[in-house]
Amino acid sequence: MLKHRTKFRVIYGDTDSMGVAYYANYLRWFEIGRTELFRFLGLPYTEIEKKGYFLPVSETHCKFKTFARYDDVMTIETSHDETIKAGLKFNYLIFKDDENDIFANGYTRHAFLDSTGKLVRTPKFIREFIAEKIGER
Amino acid sequence: MLKHRTKFRVIYGDTDSMGVAYYANYLRWFEIGRTELFRFLGLPYTEIEKKGYFLPVSETHCKFKTFARYDDVMTIETSHDETIKAGLKFNYLIFKDDENDIFANGYTRHAFLDSTGKLVRTPKFIREFIAEKIGER
Amino acid sequence: MLKHRTKFRVIYGDTDSMGVAYYANYLRWFEIGRTELFRFLGLPYTEIEKKGYFLPVSETHCKFKTFARYDDVMTIETSHDETIKAGLKFNYLIFKDDENDIFANGYTRHAFLDSTGKLVRTPKFIREFIAEKIGER
Amino acid sequence: MLKHRTKFRVIYGDTDSMGVAYYANYLRWFEIGRTELFRFLGLPYTEIEKKGYFLPVSETHCKFKTFARYDDVMTIETSHDETIKAGLKFNYLIFKDDENDIFANGYTRHAFLDSTGKLVRTPKFIREFIAEKIGER
């Protein structure tokens, strides 16, 4: 499985007056997770856009388990879901110190658009790139 | 069904460099939707907190259908899901001019916490309030 | 003086764990203020972009007087600063119930860019539009 | 001068449909800068709150020089302004690769509040801490 972990810290601007991280920010953190997975694999998302493709989110889901608070250092583990053939799907796990102390988990699904905004099949270079990376494991 | 519609406008700060509304902002708009539903029904969320309860989001889901763009006026229709007994669930539909032109739909689920942060059953005054409001329809 | 007032409500997502509105959000509200001033005057910002100009913020300043809290209804009064000839400047006053209860005041300065991103003088149609609107007062 | 540099990366959620980083986000980055300066000096902001003090922003100013774009890695250099005796002031410089390629500069001023929300003089432990740190240089 293609998987990567990255860390970040909750800032004041991420929290709300309940004293915890505001729920919409988890989707920002999902973005950080998948961006860093792409970069780690050797295909930064900026390269995908340079080739004329966009990868907007078509669906997202998130379960919130434990509250994250100001200044918490979080790990986001992003993994590529190989079972999905149409577009891409990423699964996310956000935790504090270890996987037993989970803040949230969720997923995003993505469709490919070409530069005119038209929905297209997953581009060949992406399918080949993923197949190659999975083969390397 | 307890249901309410409210409108808002997409600002520059809501968009991203793909030229469309950034996906995390839909969760902010879901918040606006459920807040205004509570207020419309006669129980502002601030009243719930004054009684010593918090209603954090335990789960959210959103499907993105059409891109929203800068300065679009959107309607969010929030409805209370009566089939859920543990906590609360709200369903959302975000559309532009009519329900045939849908930007997104989704839901949030909420658990009740007391003032010490402990998970509690849906408070009696909430259950009675909802039963009464549903009875009025 | 070209001036306009608009209202908005502080949501949970605008607050932070100090229990008050997070300071960066005031710049979002400044945006709402100047956008609605343009619209009120009859020249929506989208029209300016359609004519091939962009109006990014080159400078901003804000003083925070009183804390805004969740669910507060705020008024933002935006006024065009006629004394500035290079680009545009807007002054903002954000208050709760009347001008004696001020949350914040500040300003933004803006430069004009053409569609290639080059800095240009304030376009003639803008200068004429402002002169005409000021003349009407 | 007490000074510290930290790096971060612009995400999609930070950009707007002009294709550049939205101006309000610079205030989030100022927060990151001063938080990491405090931590670097050995007094994390969480410690200040544990001692019963809050340090809200009373004023901010920012000049925007060059546009930051998606995936740019930015350095924020935060320095403590020793000339200010009432409260604290921090100066910020945000740049890409070197200080000749500046995105923005600005400052924030901060007042001290005690745990009841009352405005107080800069606490003795803060004044001593800063004097000691300046002396070490």
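Just so it is clear, A, B, C and D label the chains in written order, and each chain counts residues from 1 on its own.
By our rule, contacts are C-beta pairs under 8 Å (C-beta built on N, C-alpha and C of every residue); 3 or more make two chains touch, one makes a residue touch a chain.
Computed from a predicted structure; not experimentally measured.
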item: Co-neighbours of subunit D and subunit C - touch as defined; value: A, B
item: Identity of the chain that, by mean CA position, is farthest from subunit C; value: A
item: Euclidean distance of C-alpha centroids - subunit A vs subunit B, Å; value: 24
item: Centre distance in Å when subunit A and subunit C are each reduced to the mean of their C-alpha atoms; value: 34
item: Gap in Å, rounded to a whole number, between the CA centres of subunit D and subunit A; value: 28
item: Subunit D: positions in contact with at least two other chains; value: 12-13, 18, 20, 24, 27-28, 31, 70
item: Subunit D to subunit C touching residues, read off their complex; value: 18, 20, 23-25, 27-28, 31, 54, 56-64, 67
item: Touch list for subunit A against partner subunit D, complex; value: 11-13, 27-28, 31-32, 35, 44-46, 70-71
item: Interface residues, subunit B side, partner subunit D - complex; value: 12-13, 15-20, 22, 24, 69-70
